[in-house]
C-alpha cells in the first residue's frame, strides 16, 4: 500500500511527479490540430461560457482550440478538496483550474501546480508582475518567488451605504463624492451611522458586516479591521506568506486589540468594558456575530440597514434599479489609523481584504493540452478579454489601469463605483496564506468571534490565539 | 381478521343534554374509551404532521419568496414568485441531476438488497462458526467516518491503484466521471445497515414456511427469494427505501468522484449547489430545487414501497 | 450447492458481500490505517511525512495535537460531577451529547410515528409521505432550512435583544444561537431529530407490520388492553428491529458532520467527524487518519451496549 | 352470568356468508359442542362470541349484557384458538401465565395456577421451553393450558384436541369435564370428533353452511336427527340412506321395503321419503334374536370389509354388479348398505349374506325438504320388543 | 424406488432426544402409519426423511440411495405439514401449484392438476382465496392438495386430517387410499386417529419416547401388541390391565383370576405378570353364549356409563367402595374394568352386574419389562370354540 504521494503510473506520475514536471517549459507555439482545453471554473463561468469563450476568440485564441468550462463546486471548501484529490491522484483533466487566491499557495507548496515562471515565456510572466494588482500576484507565487497562477480577477470589499437615508441625516451628494475616494476613519464612520440611524428611526440596523465563526472572518473582516488599525498577524506584510515558524506572531499587539475594541463598541455600545474611545456604539446588531455574507446582505438589500460591508457581487445586486439604483453609495472601508501612524509597512489606512481567483495549470496534463492552455491563458491576459468579462460576469479587471478605462465605466451598475473599487484594490491586504493557514484560520475565527461576543476580553482572546498560532507554526517548521 | 371496534357514534346521548359540548364529550369518553383513543390518535397525528411538515413548508415559503425579499420572514411568503420553479430549470439542468441520482439510487439499491438478502439469510437463519465475528466485522465498517475511505477509494477508481499479479502489475481502470465510483462505495457503505435489517426480519420467518418450500422442491436460495423475502416485504422495502433515499441525496463521495457536471453522473446535491455563487446564495432557487428533487421522490418512494409490500405479500400479513 | 455443509453454504452466500466490502471498505481502511502511522506533510509532493508509528495516536490522546484541530479532542476530566470541565469544549463530549439526545428523541418520536402509521385510516398514505419527507431532504438543504430559520433578520424563530422571538423569550436559545456551541448543539439536535425520526419510524413500522396478527387476537381474548398488547406483544416482537435501528442511528450520530457544517460550522460545534474532515482538508492526512480510527474505536465502545443486548436477544 | 345468546347473528365476508342468521341460546354452565362440516362457520361463531369479529347483523349477549360491540377483554371469555397461536417470544410458562399477568395476579398465585394447568395438560417440566422447540401436540396443550389457567365466564375452545393422540384426548376430555364441573363455567367447544361431542356435551349444535340445523342433547341428535343433514353428519360411519316412496304398506324402494302403516307415523301414502338406518342397526340374519323389531330379510352381497379392531364395517351390495361406490356426495345410495358387526364375526368379502334392519331404529325423512318425519317404527308386523331410547315422530 | 430405510437414526436437541436409534424399513408402495403419544418423535422422524432435519446419528435411505445429507428437493418427497404452513402471500391456486411451477410444468398441465387436486379436497371455487380467508379445515385441505398435485416417490403426511370433520375425513381417507393405489407411492402417515391408522395402513409403526415399539399390520398390533405400551396405546378406549402373578392354576390378582396351565403359555409359575383385556372382550354374563371361551364369572358394580351412540362404555368397580378413578397414568388399575356393551343394553349406573371375560382374548405381559407373553388362552377349562383372529403366544 502506498502511503507516500501516490505511486501513480499514469503518464505524468501523479502527485509525486517531482519538480521537473511542474517546471518543464511548455511549447508556446499554438498547436495546429483541433484540441479541447477543459477549465474547472465556477457556476457563473459555466453559465456564461458561450460569451466567455467568444471573448477568448476575440482576444486571439486560435479557432482550432476549443474550450470546455465545467462548473465544479461553488462551495469553496469543496472545490479545494476536489482539486486536492484530482491533483494528488495525477488526473490529466482539467487542464486549467480556477483557484481561490486564498488557497493557491498550499497547492504551490505541495508541487501540485505548473510553475509558470519556468514554463511560460518570460514576456507573459513579466506582464503579470508589472501590470497586475500586486496583492493578487503575491498570492499566486511560491516561496522562491516563482509565479504559479495567472490572476483572473481580484475581489475587494467596500462599504456600501444608502444615500437616501444619509440624506435624511443631512448629508449631500457632495459628501458622497468625497467619500468615494477618500476613506473616513472609524470614529467618523460610526458617528455618521449613528446620526443616520437617529434620522431614520424605522431602520433597525446601522452597519452590517460578517463576524460568524468562519474563514470569512479570519481572512477578511477581522483582517481588514485589524490592518486598518495597523495590526498584523505575523509582523509586517513581508511575513504574510512565511516563513512559517520563523516569523513573529503579533496578534496580541495593541493595534489588533484596538480593532477588536472598536468592533465591540459598534455592537455592544460605548458601555462595553472594552469599548474603544471615540467610537460611537450600538450601530451594529448582535446578529453580525453569526452572519456570513448572504445573511448579512439580506437586511441591507431588504432596506433595513444603512451601511454594509461586502464584496462587489453585492454592489451589482444592491445597485440594481429595482433595489436602490443610484441611491446606493460605495466607499472604501474606513480606517483606524493612517499608514504613517502604524508600525508596520503597508498597514493602516483604508484596507480591503483581498479575494479573487487565479487560473492555474494542471502539471499532469499532456503536453499538447498544456500548449493549448497557454494560448487560453494568453487570451485571458488580453485587456479586451478582461474588460469583456467585467461586463459579462463582473470580474474586476486584474489590471488597476483598466479600472480607469471608459469601457469599464460603461458596465452596468458596478461601472458607477470604480473609483471606490480602485482605492480598495490599491489598499488590498491578502490573508496570510501558508500551508498552515487552514489550521490557523479556524482558531483566528473562533477567538475573534469570542472576543467580539464579549465572551472573552480582547487581551485574553488574543493571547490565547497567539499561543495557538505559535504551536501551529512550530509544528510545521 | 379482527375488527377493531369503532365505537364512534354508538354512545347513547340521553341525559347529557344539559352539559356543554366538552362535558358531553367527556361523558361519552368515559363510557367509551375508544373515543379517547381516537381523540389521542388524531391529536398525535396532527402533531406529527405539523412538526414534520412545518420546516418543509418553510422551505416552500423560501422558494416562493423572491430572493431579494428573503429577510425578516414571517410565516407566509413575502411576495409570490412561482416562476422560480421554471427559473431553476433554466439555470441548471436539474432534471438531469435527478435522473442521475435516480439511476445511482436504483442501481445501488438493487445491489445492496441482493447482497444483503444473501447475507441476511445467512445471519438470520443459519448457524455456523464465525457468525458473530463476521457480523461484528461488517458492522465495524460503519464505524468509520466516510473521509477515512476517501483517498484510497479515489485512487482505486481513478486508475492509481496497482494490483500485482505475480510478475505483471496492472492498474485499476480510470472510472472517474462514471457511475461506478459512486455505486460501489455507496453499496459498500449502505450494506451493513441493510444486512442488519434483513437479518432481523428474515430471522423471524417461521421455519415451517421455509421447510414447506424446500420440500416442494426449492433450493434454500429458492426458498429465500420465493418465501422469505416476500414475507419480509415490509423489512425489505424499508431497507430499500432507506438505501435509495440515502444514495439519492449522497454528496460526500459523489463530489470527489466526478467533476460535478450532469453529464458526468453528478447527483442532485451537486445540482442544488450549482445555483450557489461564491458569495451569493439564491436561497429561493435552492429551496425550489430541493422541493422538486425531494417531493416527487418521497411520493414515488412511498407508492413504490406500498406496491412492493403488497406485491410481495399480496396482503398476507396485514388487513 | 445444496449438499454443502451449513457452514460452507453460509460462507458461499456471504462471498459477494464480503468481496464488495473487502475491496471497497476493508482495503481502504487498511490503507488509511497505514496512513495514520505517518507524520503529516504539508510541503512537497509527498502526501505523508516520515513513519512515526503510533506517535499520532499518542499525541491525540495526550492533547499534544489539539492545536491542529478545531477543538480539543478529549475533555479535561475532573473528579466532580459531571466529571469534565467545560462540557462543550471537546469533540468527544459534543459528539456524545449529540448522540444521546438525538437518538433518544428520534427513537421516541419514531415510535410514535410508527404507531400512527400502523393504524388504518383514510389518507394514511399521505401521512406517510409527510413523515418520510424530512428523510428525503438532502443534508445541505436540511441545513439551509434550519439555518435560515435561526438566522437573525431572516428567520422568525430568533429575534434581537430588544425584540426577542418566542424561543428567545423562553430562554431556549440566545439571539445569535448559531455562533454559540450549546445553542447550536441544541438546534442541530432538533434539526437532526426532525430529519431522522423518519428513519426510525420506517423501520419500526416495518417491524410492526411483520407481526402475526393472530397474536393480537389471542392477547385481546386474554384480556389485554391496548397498552398491554403493545407492551407484551408489539414491543418485544419489534425490539430486535428497534435495536438495529437505534444501533445504526447511534453509529450515524457519532459520525455527525453534514448538518453541523451546514448549520453552524465545525468550529462552533466540533464533532469527531468534524475533526476528521477539517484535518483532512487542512490537509493533515496522518492526523486525519488517526482521528478516523480513534473515532471508530470510540463508536465501537459506545455501540458495545447494543452488541451485548443483541447477544442476549440471541440474534 | 355465563349464558351466551346469539340473536339473528350473521357474518358476511366480501362474497361469503360465513354465518347466516344464527340463533343460539346457551345456558350458564352448559357444555355445548359446535359441530359441522369444515368451513360451516364454527370458528366464525366463536370469534363473534369472543368479540374478535363483529357480526354483520344481529346481537350477541353474554350473561344478560349485550356485548355485540364490546372489546374482547371486557367479555370475560377465554379461548383456545384453532390455529394455536402461541406467543413465539415467550416460553411456555409465560405463554400460560399471560392472562394472569395481565390481571396482576401475584407471583405465587400465578405459579400455582400455571403449575396446575401444566399438570393437567401433562407438560410438567417443559415450562421453560420456547414454542418452536415443541411438538405439535405439545403446543396445542400449551394453548389449552393458557385458557384454563383463567376463570372466565365462558370458555371457547376451537378444536383444542385436534393434534393429540387418543390416550391424551381421553385424558384431556376428562380433565375438561372435571374443570367444567368444578368451575361451573359455560363451555363452547368446536370439535370434529364425534366421540368427543357425544361424551362431553350437554347439547350439540349442528351447523351447516352457517345455519344452525339442530341443537339438542347428544343422544337426541343421534337418535332423533332433525333432518337428513344431521342424520348423515352425526355418527361415524354415517347413516345409510335409501330413497323411496310411502305406499299403503309402508316404505318401498328399489331394494328394500319396510312395512308399516303410514297413518301411524302420520304421513300419507305417495310421499317421497328417504329412509335412514345406521350401520349398527343392520344385523346378519343369524342375529335376528338380538333385534326386537326386525324388518324383512334382505339379500345382499358383501363387498369391502374394514376391520376396525373393535368392530368390522361391512359394505353390502344390494344389487348384483353394483359398485361399492364410495361417493358420499349423493346423500342416498340406493344400492348399497353399510353394516357394522362384531370383530369376531365370521364373514368374508364377496360372500352372499342375508341381513335384517332394526325397524325401531329406522328413520324417515322428507326427501325434498330433508326434514325428519319419524324415528323408529313401532306399529310392527311383529310384536314390538322393548325399545331403548327411540322417540316418536316429532314432525 | 420409494422404499425408505432409517438405520440407527437418532436426533438430539440440546437436552431432548427426539428420536432414539430408530430402525425403520419401509417397502416401496407401502402405506405406513406412525402413531405414538404426543411428543414421541413422529414429526421429527418425518422431517428427517424429508431432509428438513439432519439426523444427529444414523443414515437415511430412499430407494437404495443414501440421502442422509441430501437436500429435500432432491429426495422426491412431498409432505403435508402438521402446522399446515401455507404460504400466506399466495392464493390457494399458487399454494397448490407451487411445486409444479418450480418444476416448470406447462400452464395447462398445472391447471389440470390443480383443479383435480382441488376437486379431491373439495375446494373447487376457492382457488383464488388467500389462506387467511379460509377456515382451519379448508387450509388443511389446501396443504393436502399442495402435496398431492405432485408425483413424488414418497408422501409424508403429518396429521393431514386433524382439522377435518368426520365425513370429510372419511372422504379424504378413501381419496388418499385411491391415490396410493393409483400412484403406487410410499405413504408415511402420522395420525392420532386410531380408525385412520387401522383402516388405511399396511403397517402401523408405534413409537414411544423416540423409540420404535412395534411395526406390524394393524390387526397384529391390535390383537398381538408386542408390549404393554402398544397394548395400551392401540385401541380406544384403552385395554384394561390388571397386575397379578402366575400360579399353578393360571393368573391370579386381587379381583380376577383366570385359569390356565402356565406351561401351555410357556411361563413358569410365580412370575409377575399383567393381564390385559379390551373393553369389548368383557361381556355381561347374560351374553355368555356369544363367547366361545369364557372365564369365570366376575362380580362387579357399574359406575359411570358413557353412551356413545353405537355402544355404551360401562365403568365397572370390582371392589366395594373403589373410586372410578380416571387416572390413566397408572398402567394397571386393579380394581376397575371398562366394558363396552351394545347401545340397547338395559343397564343402569350403580347396578350390580356379573361379567365374564373372553379368555381367548386375554393378553399376558411381563409386568417388569412390559413384553408380551401370550395373546389369548386356548387351553381352556371349557371347550374352546371357534376363535377369530387371536394369535398364539409368541414370547
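Assorted remarks:
All chains are identified by letter, namely A, B, C, D and E, in their written order; residue positions are counted from 1 within each chain.
Here is the rule we use: a residue touches a chain if its C-beta (ideal position, glycine included) is under 8 Å from a C-beta of that chain, and two chains touch if they have at least 3 such contacts.
None of these values were measured; they are calculated from a predicted model.
Counting hops only between chains that touch, chain A reaches chain C in a minimum of 1.
Taken together, chain A and chain B share the touching chains C. Of the two chain pairs shown, B-E and B-C, the one joined by more C-beta contacts is B-C. Closest to the middle of the protein, by Cα centroid, lies chain B.
The centroid of the Cα atoms in chain B and the matching centroid in chain C are 16 Å apart. Between the Cα centres of chain B and chain D there is a gap of 56 Å. Rounded to whole angstrom units, the spacing between the C-alpha centres of chain D and chain E is 22. Separation between the centroids of chain A and chain D, computed from CA atoms only, is 96 Å.
Residues of chain D in contact with at least two other chains: 52, 71, 83, 88.
Counting partner chains per residue, chain C shows two or more touched chains at residues 2, 31, 35, 47, 153-154, 214, 217, 220, 237, 280. In chain B, 1-2, 70-72, 150-152, 206, 219-220, 231, 273, 283, 317 are the positions where the chain touches two or more neighbouring chains simultaneously. Across the interface of their complex, chain A is touched by residues 68-72, 91, 150-152, 154-155, 158-160, 162, 169, 171, 174, 176, 255-256, 259-261, 270, 273-281, 283 of chain B. The touching residues of chain A, counted against chain B in their complex, run 1-2, 6-10, 14, 40, 42-44, 46-47, 70-76, 78, 81-82, 85, 88-91, 93-94, 293-294, 298-299, 301-302, 304, 310-311, 313-314, 317, 322-323.
For chain C in complex with chain D, the touching residues are 212, 214-215, 217-225, 228, 232-233, 236-237. Chain C contributes residues 1-2, 6-7, 9-11, 13-14, 16-17, 20-21, 23-29, 31-32, 35, 47, 109, 112-113, 115-116, 119-120, 125, 127-141, 144-146, 148-149, 153-156, 194, 197-199, 202-203, 205-207, 209-210, 213-214, 216-217, 220, 226, 237, 240-241, 244, 247-248, 251, 254-255, 257-258, 272-273, 276-277, 280, 285, 288-289, 292-293, 295-297, 299-300, 303, 307, 311, 315 to its touches with chain B in the complex. The residues of chain D lying in touch with chain E in their complex are 13, 16, 35-39, 42-44, 82-83, 133-138, 141, 158-159, 162-171, 174, 192-195, 198-199, 218-219, 222, 232-238, 278-280, 290, 306-311, 326, 328, 340, 342-346, 386-388.
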